Every structure is written in C-alpha cells, then in structure tokens.
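What follows is a single structure, written as structure tokens, with notes after it.
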Amino acid sequence: MVDILIYIAAAVTGIAFLFALYRFLKGPTAADRVVAFDTMTLVTVVFIVIIALAEGRGIYLDVAVIYALLSFLGVIAVARYLERGL
Amino acid sequence: MALIAMAAGFILILIGFYGALTNRNILRMIVAFTVADTGVNIVMVTVGYLRDRTAPILDNAVPAADAAARIIDPVPQALVLTAIVIGMGVTALMLAFAYRFYEKKRTLDITKCTELKW
Amino acid sequence: MKKASAIAILFLTLLIFWLLLNGSLAADIVIVGVVTALVIAILFRDGLAVFSEFRATPRAFLTAFLYLPYFLGELIKSNLHIARVVLTPSLPLNPAIVKVRTRLKSRMGRLILANSITLTPGTLTVELDGEWLYIHWVTAEATDIDAATAQIVAGFEKYLEVMYG
Amino acid sequence: MTIGGIIGGILMLSGAAFLFLAGLGLVRMPDLFNRLQAGTKATTLGTLLTLAGAACLRPDWAVKLLLIGLFILFTNPISSQVLARAAHRTGTPQAAGTVDRLAEDREKRP
Amino acid sequence: MSALFIALTILLTVAMIGAALVAVLGKSMPIAILSAGLVSLLASVLFLLLAAPDVAMTEAAIGSGLTTFLFFFILGRVRGGEHD
Amino acid sequence: MIRKFAALLLLAGIAAIFMGLLFTYEPDPELNTTARYYAERTAADIGAANIVTAIVVTYRGLDTLGEVTVLFLSAAIVGLVLASGRRKKTAKERTVTPAGELLATGSTLLAPLIMLLGVYVFVNGHLTPGGGFQGGAIIASGMLLLLLTDPLKHFSHTLIATVESLSGILYVAIGLLGIFLAGGFLDNRILPIGTLGTLFSAGAIPLIYSLIGLKVGAEFSSILAHLSETEEL
C-alpha cells in the first residue's frame, strides 16, 4: 500500500523532472536554463530520498545533503558569471 | 538496469569524442572531454554492479556476517573514486594551459596554434 | 568582549549542527565535534550564526517560536495561490517589480526577511539596497510603496522586529 | 500498514503534486522571473513535504531529513535571489506589461 | 522496487544524453559548461542507483561541483574569446 | 568537412566496438575472488564499515598516496603555469560587480557550516559514504563560496601551503609508523580497531582520512586561489 503511494509519488516527480528538462533544453535565455537546472537538482534530491526509502538504507541521505549544497553553489557561480562578478 | 546504464555510458563517451573531434574552440574540447570522462566512469561502475545487491557499506541493513552474499563488487568503485579525482586534476591543468594559450594568442581557436605543425 | 561572544555563538551553532548531522550523543562524537567546532569558530571569527544579533530576551524567544508556524502557514497559503494561477488555463498574471521599505537594521534580520519573502511563492526579492527592497510580484495588487509594504513586508516584519531589531 | 505509513505516503504524494505544479509553472510561465517564482519556490515546498513524508515512513532518519530540509530552506532563497539579481542586471526580457520600479530607480541613479 | 529503478535509469539516461548534446552542440559557452555539470550531477544519481554511494558523492562534489567552478573562473577571464 | 567525415567514421568504428562489448556483456552471478576476500575480511581485519574506504586507505593505500601526489603535482603545475606570465596589473585593479548584501550575509552564515559538513564527511569516512577526497572538495567549495562573494579576496597562501605540507608529512609519518608498529606501510592497526560502527574504530583510518581530507582540501583551495588571482584578459 505504502509502496504504491511511493510509486505514484515517484512517477509524478518524474513528470516534473521531464518538464524541467524541457525547459533546460529549450530555455530561450541562459538564466532560464539555470532556473531549470536548480529545479532539476531539487527534484533529484527527492529522487535520492525515494531511492533511499526503496533500498532501505539511510546512509544514502548523506549524498542528498551534498546535493543540496552543490545546487546552491552551482547556481550562484553561474549567476555571478552572468552579472560579471567573477 | 545495468545494461541501460552501460549503454548510457557508451553513448556519453561517443558524444564526448564527437565534440572533442569536431570543435575548434579549446574550452569546448575540454567540456567534451569531461563528458567523455563521466561516460567512462559510468561504464566502470556498471561492470561492478550485481543484480539485487546493495552498497558495500556495513550497517544494520547489511551485517558483516553475510556481507559476501549481499554487497556488490567494491573494487571498481575504489578505482573510479581515483579516476574522478585525477580527472579533475587533469581538467584543472588543461584549463590553466588554455588560459596561457589565450594570453599568448588572444584566441581560443586551436587551429591558430601553428608552432607545432610540420 | 564582543568578539568572544560572537565566537561562542558560532561555536554553539556549529556544535548543534554537528550533533544533528551525526544524530547521536556518544562521547567520541561530542569530543570530535567540540574540537572541530572550536577550530572553525576561531577561523571564522567574523562569521555570522543564525543567532548572532539575536536579542536574547524571553519575548524574542517566544516570537521566534510563533514565527515558525506563521511562516509555514504563509508558505502553504501562497503555494496554493500560485498553484491556482498555474492551473488556470488563461494564466491570470499581473507581474510587477515593486519597491518596499523595511525598518530592520541588523543584517541577520534582513536576510531572514528577504528569505521569507522569497520562499513564499508569488513574491521574490530581486535586490536589497539599504532599507529598500525590490520585490518581483506575480499577481501585483498595488505598485506604490506604502501599500505594497503593508501587503508583503508587514506580516513578517512584525515578528522579526522583536527578534532582531 | 501503520498510521505513520499512511500519513507519510500522503505527505509524499502531496509533495510530488507540488513538484509537478512547479514543473508545469516552469513550462507555462511567460518570462524568467515568473518561471523563477513557480520553478524554485513551489519546488521548495514540494521537497520539504517529501522529506516530511519520508520522516514519517522512517522515523529513525528524521534528524538527517530535518537537516536536509533546513539546508534547503536557507540556501534556496539566496540562490534564487542572486539569480534574479543577475538576470535583472543583464536585462533579461520581461513579460509585457510588467511595472518595473527597480529599472526606473536605476535609470535615475546610475 | 526493481521496476521503479529501471524507470529512473531510463529517465536519467534520456536527461543525460540530452544535456550532453547541449554541452557539445549548443551555441553558448556558459550553457555548455552548465550542461556538462548537469551530466555529472545526473550521473551521480545513476551511481547511487548502481549502489555506489561513495562514487556518487565524489562525482557530485568533484566532477560536478569543482570542475564546473573552475570552468567558470577561466571563462570569466577569457571573456570575448569564447565565440570563436 | 573532410574533418567531420573522418571524425564520424572513427566514431562509427568505436561505436561498433562498444556494441560488441555491450551485447556480449554477462554480469557475474557471484563476487570474484578479490572482491570476496575484501567482503569477508574487511570487518575483522580493518574494522571499517565502508569497504570502499578500507580498500582506498589500507588495502590499496599506496595507490592513494600516489593519487594525492598526482593531485599535489597538478596543483603545483597550475600555480606555475598561471604565475609565469608577467603581471601587467594586480588582481586588485580588476573591476567586478560587487555581490549584493544578501549574498554577503548568506555566505558568512553558510561558509562555516559548509566547512563543518566537509569535516563531517571525512571524519566519518569509514562509516558513511564519503571520505577524504569528498570532504576536501567540500571544504574547497566553502572557500569557493567566499570567493564568489568577493572575487578580489586573497587567501593566505602560506596558511594553505602549511596545512598542505603538514598534513602530507603526517600522512607519510603515520604510514611509516605502520611499518614499525604493525604489518607494513600504511597499516591501520597501529591504533586499536575498536567496535565496528563507532567513530573511534578502524584503527588509524579516521586519522589518515582526515589528513588526506585536509591535504586535498588545501590543494583544491590552492588551485581555486591561483585561478581567481589571474587577471582578466
């Protein structure tokens, strides 16, 4: 029962991921793609949590912490490059 | 699953090669190189994967006694760990040289580098 | 004296973060945590922690306690609002970048105010310039300074003023 | 089948629904700033709800999930603010009819 | 749970190939670099699916994080030369 | 045009080889001998919960020493290549857009936390995923956050070099201690192995991995600092 809920959640999240991927591939400006990148990394954190639940291994969550950190740094790096602050 | 991942790795290697061979901008070539690098790492990790097994870390979910029956091959993982770190060092070196190249020639076009041609 | 208290606050925050990260109170973890937190706190003695510039009065703690549910409520309310906008086929937008004023003086207070505004969908801090905030608003209802301030900032500021000043 | 399992599943499902809405907003919104609103903010709530759901399913992971949530709560608004600022400075086109006080002020005082 | 993992692998593979194509063929340089970073980031989820959390962490922190930042530093220095 | 054609031809050849590899690939049903040895012996011999860490630090410790050396060399060469140009103007004279107040406040708030996260990752290298290389990279990312906020910031090169060489020397010294007190170079049993799953276990592995983490973090930071101090062309 709970498994089925997780399946549905994963499927819906996957659709969100595809939307973000569409915006990343199409995005007219660079900043649009960066927004899509940010969204994709956050969705990926959700994926990691789902993988950890499915495998039943809490140690995978450490990777999610690193992920949250790196998406932040990546977006800031691009933004600072775009506004010529690097 | 392992086969799909392996195919993804091979396709990434091919895309990276294509980019490195057809682009003339040196930064572009380095980017393509990192893509191929990622592909190689994926293929290597896939070789160590075994069906229905889990990560080689012992905890409550995987007690030490039945580790040999439950975990996947840890050796390729250790290898890839090294490969990623070295790959980053190589990329940093290439970027430093690209910067020097631009400083000398004021361009990033690799075909403008004529000293080594014969 | 001021520096010592800054280091102490940073040290305590880092220690709490460390214990949360490890999720255990075993002796060895606490020892390593104390050493690491102390070294990092001394290295970053100019660094901020969530509670630097916090007014340590009982009323401030009570307000901080009340702020969290208020913020979560706003978060969910405005998320539903944006969800309705996105799901409407005609996409009823009225975007504007409005200018609002804040009375907060401390850096931490402004950071939390701007973060709260950004986290509630529909409003997004674009630029912070002294006491002026420029906010992108998806469904703008007012574009002059006072009305926009009352709409966006006042709710959060009421709490943050007690906490950070 | 426990109470915690049901609550956790429902929370995860609603989180996924918000992520879906975020993706939809990302595709449908007309200009960058509106996409930023839909894309990153709704994602934050979706992620937080999913983390809460996972914490209900596995209470022993709750501390680490709380930490991930706190991290996202602090970092995400900063990154989207920096991105919005950079996009505004580089003159990203905005949807028709946007009132822009920041550009007006910047013209007055370069 | 195996079906879930296979579906995730296919999703990640499609996204990775798309991002790699943008990295190699796209017009703008910063987007190419960002796409290469995205390939690494998605590859690290793939590593997690392949039961290699250590490698996943390394790829996320080094392959995707630091390498991308180094590219942006250099790109910030050679502004103007990036179009040829 | 001919160039592109040749490239495509080459790629077609490589693709054919890859197809052959892919379709004849048969995953092993069981672990091979080496992996079985590691899986069965690690808990008793090394005491580390993370078998990858046990391989990287102890079983193949010498490889890791070489890896760290390669990284050190690459950092040194990057410094050499970038510094060999004549200095037309110092980095101070570059014009950059200053960061907004929010990013400045946020980075002073987050940088210590990122450092602590890096330390967590390498101290717990023998229990959880992660270790010296990842932790070092995260520490360098913390430095990077400070650099992104203020690109004209100067890190103390002496401090970075001191941390780097000190941890390198200590790493080799612990490795040599292994020869005298235990079975060989980089043997972790110079300290008691302890119980599996606690922080102070696995002998010297937490110590060695912390030193590697500090060294790698210093090397990455020095690469970043060198790159950021180049002038705009």
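Which chain is which? They are A, B, C, D, E and F, in the order written, and residues in each are numbered from 1.
One rule holds for everything that comes next: a contact is a pair of C-beta atoms (placed from the backbone, for glycine too) under 8 Å apart; a residue touches a chain by one contact, two chains touch by 3 or more.
Bear in mind the structure is a predicted one, so any value in this text is a computation, not a measurement.
Enquirer: Which chains contact both chain B and chain F?
Expert: Of all the chains present, those in contact with both chain B and chain F are A, E.
Enquirer: What chains, if any, are shared contacts of chain C and chain D?
Expert: F
Enquirer: Which chain's C-alpha centroid is most distant from that of chain C?
Expert: With centres defined by C-alpha atoms, farthest from chain C sits B.
Enquirer: Any chance you could check whether D-F or E-F wins on number of contacting C-beta pairs?
Expert: The comparison resolves to E-F.
Enquirer: Using mean CA coordinates as chain centres, what's the chain A-chain D distance in Å?
Expert: 11
Enquirer: Taking each chain's centre as the mean position of its Cα atoms, how many Å separate chain C from chain E?
Expert: The answer is 31 Å.
Enquirer: For chain E, give me the residues that contact two or more of the other chains.
Expert: 5, 49, 51, 53-54, 56-58, 61-62, 65-66, 69-70, 73-79, 81
Enquirer: Check each residue of chain B and list the ones that touch at least two other chains.
Expert: 2, 7, 18, 49, 54-57, 59, 77, 81, 85, 92, 95, 99, 102, 106, in rising order.
Enquirer: Which positions in chain A touch two or more other chains at once?
Expert: Residues 6, 10, 17-18, 34, 50, 55, 58-60, 62-63, 65-66, 69-71, 73, 76-78, 80, 82-86 of chain A each touch two or more of the other chains.
Enquirer: Taking the top-of-page definition of touch, could you list the pairs of chains it picks out?
Expert: A-B, A-D, A-E, A-F, B-E, B-F, C-D, C-F, D-F, E-F
Enquirer: In their shared complex, at which residues does chain A touch chain E?
Expert: 3, 6-7, 10-11, 14, 17-18, 21, 24-25, 30, 33-34, 37, 40-41, 44, 47-48, 50-51, 54-55, 59-60, 62-63, 66-67, 70-71, 73-74, 77-78, 81-82, 84, 86
Enquirer: Quick check on the complex: what are the chain E residues that touch chain F?
Expert: Checking each residue of chain E against chain F gives 53-54, 56-58, 61-62, 65-66, 69-70, 73-74, 76-79, 81.
Enquirer: Mind listing the chain F positions that touch chain A in their complex?
Expert: 96-99, 103, 114, 117, 121, 128-130, 134, 138, 141, 144-145, 148, 151
Enquirer: Where on chain F does chain D make contact in their complex?
Expert: For this pair, the touching residues of chain F are 97, 99-100, 102-103, 106, 109-110.
Enquirer: For the complex, which residues does chain F have touching chain B?
Expert: Contacts found on chain F: 3-4, 7-8, 10-11, 14-15, 18, 21-22, 25, 27-32, 34-36, 38-40, 42-44, 49-52, 55-56, 60, 63-64, 67, 70-71, 74-75, 77-78, 81-82, 84-85, 127-129, 133, 196-197, 216, 223, 226-227, 230, 233.
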